[in-house]
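After this come two complexes, each holding subunit A, first together with subunit B and then together with subunit C.
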Partner chain A sequence: MMSIIKYFKDIYLGVKSLLTGMRVTGHYFTHPKEIITQQYPENRDVLEMFDRFRGEVVLLHDENNEHRCTGCSACEVACPNGTIEILSKWEINEEGKRKKAIDQFVYHLQMCTFCNLCIKSCPTDAIVMGKDFEHAVFDRSELTKILNKPGSKLMPGIK
Partner chain B sequence: METLDHSEEITALESQEYFINMGPQHPSTHGVLRLVLTLDGEIIRKVEPHLGFIHRSIEKMCEKDAYTQIVHLTDRMDYLSCHMNNEAVCLAVEQGLEVEIPDRVKVIRTLISELTRISSHTLWWGVMGMDLGAITTFLYGFRDREMITDIFEETCGARLTMNYNVPGGLMDDIHPNFQNRVKAFLEHFKKKLPEYDKLLSNNVIFQERTKGIGILSKEDAISYGVTGPAGRASGFSCDVRKKHPYSAYDQVDFKEILDETGDCYARYKVRIQEMWESMNIIEQLIDNIPEGDFKAPTKAVIKLPKGEYYQRVETARGEFGVYIISDGKKSPYRLKFRSPGFSNLSALDHMARGSKIADMVAIMSTLDLVIPDIDR
Partner chain C sequence: MEFSIYDFSTLTNSIHEGLSNSFSPTWVMIIEMSLVGLAFLGLFAVLGVTLVYAERKVSAVIQQRMGPMRVGKWGLLQTIADVIKLVLKEPLMNRQADKLLFGIAPFIIIIASFLAVAAVPFAKGLHALDFDIGILYVSAVSSIGVIGILLAGWSSNNKYSLIGAMRSGAQIVSYELSVGLSLLTIVVLSGSLQFSEIIESQANGWWIFKGHIPAFIAFVVFLIAGTAETNRGPFDLAEAESELTAGFHTEYSGIKFAFFFLAEFANMFIICAIGATVFLGGWMPLHIGDLAGFNAIMDFIPPIVWFGMKVTFLIFLMMWFRWTFPRLRIDQLLKLEWKYLLPINLVNILLMAFIGLMGWHF
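== the complex of A and B ==
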C-alpha cells in the first residue's frame, strides 16, 4: 500500500516540478520583450562597441596625413609577445638635423593578445585601440599590417 | 545439425574490466581533458586523467617577462576568474615592492572579483544543466552573464581576458556608468536567481541525478586539497576571503557557505548560495567606493628585491596561489602557480570510484573544472 502511495506521489512531484520549469519557459514565450538575443550579422549598422573596447591597435592620423608616433619603441618594449615591430629611418628635418623617424610601424595582429600595455606605454598617445573586431581573413599574411599610411609624417611639435 | 551447449559458456563467463576514453573532445569535458575510465560493466573502477593537451608553459614564459607583462598571461589560465588571477599576481608583486595601495583600488578590485565570481557561477550553472541534458539552463545562464560581461567590456575593455590589474593599481579608473550598471544588474539578477531554482534545483530528475552522487568526505577533501565551493560542500572551511582577507574583504560582512553532505547536490547548492553572498558583498561596497587615485605610483621597470613572495586569493574554483622567487632582476627567477583546478581534479578518481558511468558527468560538472587552469 505504501509503495503505491509513493508511486503516485513520485508521479505527482515529477509532473509538478516539470510544470514549474515549463512555467518559466512559458513566461518568456508570452513576453518576447524580455528576450535579449541580438541578430548579430544583421545588426552591424547599429552595433556600437564600448569606448574602451580593445579591437586592434590603430595609429591615429589626422586630415593632413600626420601621426604622433616618434618611433621611440616604448610600445615594442612593453609588448609581451613581439606583436609590434618598429622599423625606423633617419630623416633630415627643416633645421638640418638628422632625426629618427618611423619607416614602418608593423603590427602582427595574429600575435596580439589585446592586453593594452602598448597603449598605456605610449608617451605621445599616438596609438589607440580601435573598435573593429571582425578580423577573419583567408590568409595569415593579411594579418600583418603596416599601420602608418604611405607618405604620412610626424605631426609638428611632437618630440 | 550442430547443437550448442550453453552450460559451458555460462560458467566460463566472468566479468572483465575494460577501458574507455572520455574526451578529449567529449562535450561534457568542457575542454581538452582526457579521462581513461576503467569500467566493470557500468561501474567505474578507476579514473585516470591525462593532461597536456593545452599546455602552454605559462610558468616558463613568466620567467622571461617583466612583472607587468606576466599579468596578462594569467588571464589565459582560469579564464572564467581572470580578474582574481590578475589580482593574485599584482598583490604578490605589491607585497615585494611594499607599496601602499589606495583604498579605491582595493574596493574596485573586490567589486570586480565578486562580479567575476557571479559570472563564473552563472556559466557553470548553465553548463551543468546542459551536461545533465537540459539545454534550457545554458541559455538562461548566459543571459545573466551577458550583463556582467557588458559591465566588464565598458570598464575594463574586454569581456573575458580583461587584464584590468597592473602592479600598483588598475589600468583605468572605473567607467562613469559602472555603478549604475552594477546596480541595474543586481536588481535584475535578484529577480532571476529564483528562476534558477524553479528551472533546475527543484526539478525531480535533476535531484535524482545529483543527490548522494560523488560523495567526498571532509577528511578526503582536506587530504586531496580540494578547495573552493567543492571543498566547502564537504564541510571544509577554506574560504581565503575569510581566513586571510586581502583587498577589501576585511571591510565587508559576509557568510562562508558550508555544507556537510559533500555530494553533487551540496556542491550545487553551495554555488547557488555563493551567488547570493557575492551580491551581498557588492551591495555593501557599490555605494562606498572611496575617492582617490586608481594607481599607486610605481617605477616603469619593476624590480622586486631578492626574496620569495606568496599570495593566495579565492577564485571561483578555489584557492589560487602565486609563488614568486626573485633574484632582484626585472623578471622572476621562478614563478609557480597553485591552481585550484589541478587539486580538485586529483580527487575525481576517489569520488567517481564505484559510481555508474552516467554519474561521471555530474561529478565532473560539479567540480567545475577549467582545463587551461589545470594544464597551464
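== the complex of A and C ==
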C-alpha cells in the first residue's frame, strides 16, 4: 500500500518540480527586457563598465591640474612585475624646503596584470583603476604611458 | 485555375484535370508524384532553416541571451549562412569506417522523415497520402529512422558513436509504445485510423476538450514520448554532448551531417503535426459545440493558418522542454517509460474505452 502511495506521490512531485522549472524559464521567455547580453560595438556610446572592473591604472587629476601623488614609490614596490616606474625630482616648496615630487609616473600597460596591488598600497589614494578597456594599438611603445599630465602639481596638504 | 485558401481540393483537382487532359495516366501519376516530392523538399528546406533559427532564438531568450544578431536583421540570415557553410564543407570519412553503411545511413534517416511527412494533413485538400491506416503508417515509417541511427553509429568505427546509437535504439524502441498507445487513446473515440476522418470527427470540438481527463493525460504522455522519439532534450542522451561528443553523428561532416540535423528538426515538425492533428483538431478551426456565430468567426481564419498555429505552439512547447529540463540518465530514461508512462497509458486507454462505451464524451 505504501509503495502505491509512493508511486503516485513520485509522479505528483515530479510533475510539480518540472512545472516549477518551466515557470522560471517561461518567465524569462516572456520578459525579453531582462536579457543581460550587451551588444558591444553598437552600445559603445552608452556602455558603462561595472564598479569593480579594472581596465587600467589612472592617476587622478582635479580641475586645477593637481594630483595626490607624493612620489613615495609604494606602488612601484608593491607591483609584482615592474609595471610602474616613479621617476622623482627635488622641488623647493613655499617654505623653502627641498621636497621630493614626481617627475614622471611611468606606467607600462603591456606588463600590467590588473592585480590592484598598487591601488591598495597607495597611502594617498592618488591612483585608481579606470574603466577604459580598449587598449589595442599598432605600436608596442604606445602602451608605455606617462600618467601625470604635463605641468601638474601635487595637491596642497598631501604629505 | 481556381484557388481558395479555405479548400485546396479545388486547386489540386484542377491541376490533376489539367495534367490528365494532356498526358496518359501513368505520366500524370509520375508528374504528380514529382510535384509532391518537390513540394516536400521545399518544405523541408524551409523547415530546417526556420526551425534552427527559432530554436536558437527561443533558447537564447530563455537563457537571457540574445542569440544570433549579426547576420542580417536580428540574425535572420544566420541559418542560411550556416547552410552554405555545411554544403561547402568536405564530407570526411573515417578510414576504418564501413563505407557503404556510412554513406547510406543519413539517407535512411531522411527517407523515414519524408515517408512520415507524406501522411500529414496540412489543410483541407492539402494531403499527399490519405491512408485509411494513417496513424499506423506514420508510427511504422517513423521508426525506420532508428535503423539509420544504428547504422550511422555502427559504421563510424567510433565507440562514442556506437554507444550513442545503442542508447538511441533502446530509447526509440521503448517510447514508440507510449506514442502508439497515446494515439490509440484518441482512436478509441474517433473510431478511425484515417487522419482525414479523425479531423472531421473534431468538427464540433477538439478531442483534447471532448475526451475529458483521459485525453489530456494522453496528450501529456504523447508530448513526453514524442520528445523522446525525436531524440531531443531532455532525452537527447543519444548525442549527449558532454559525454559522447555528438553521439551517432560524431564522424559525419558537411552535407551528411546536415541531413542528420535536418531530419531531427523535420521529425520534430512531424511529431508536432501528428499531435496537433490527433489532439488539437489539425486544420479544424476551434469549434465549440453548435455555437453557430462563434464557429463562423473561427471558420474565417483559413485552415492552413490554424494548422500552422497549432504546430508552432507544440514546437514551442518542445523547445521550452528542451531548454528547461536537465538530461536524463539512461536508467532514468527507461524507468520513466516502463514504470511510469506505459502503465499510466494502459490504465488511461482502459478508462477512455469505458468513457467511449458509456458515451460520456461530447
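To be clear about the criterion, the second predicted complex is superposed on the first by the 122 of 159 C-alpha atoms of A that agree within 3 Å, B and C clash if a C-alpha of one lies under 4 Å from a C-alpha of the other, contacts with A are read in each partner's own complex, and residues count from 1 in each chain.
Throughout what follows, a contact is a pair of C-beta atoms (placed from the backbone, for glycine too) under 8 Å apart; a residue touches a chain by one contact, two chains touch by 3 or more.
Just so we're clear, the structure is a prediction, and the values are computed from it rather than from any experiment.
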item	value
Which superposed partner A:157 touches (first subunit B, second subunit C, both, neither)	neither
Which superposed partner A:96 touches (first subunit B, second subunit C, both, neither)	neither
First, second, both or neither for A:82, with subunit B first and subunit C second	neither
Most subunit A residues touched (candidates subunit B, subunit C)	B
First, second, both or neither for A:39, with subunit B first and subunit C second	second
Subunit B versus subunit C as contact partner of A:25, first or second or both or neither	both
Common ground on subunit A, meaning residues reached by subunit C in one complex and by subunit B in the other	18, 21, 24-25, 36
Complex interface listing, subunit A residues touching subunit B	10, 13-14, 17-18, 20-21, 23-25, 36, 49-54, 78, 80, 113-117, 120, 129
Residues of subunit B that touch subunit A when the two form their complex	65, 68-69, 71-73, 76, 136, 143, 146, 150, 153-158, 161, 163, 166, 171-172, 175, 195, 198-200, 202-205
Contact footprint of subunit C on subunit A as seen in their complex	11, 18, 21-22, 24-26, 28-29, 32, 34-37, 39
Of subunit C, residues touching subunit A in the complex	58, 61-66, 69, 320-321, 323-325, 340, 344
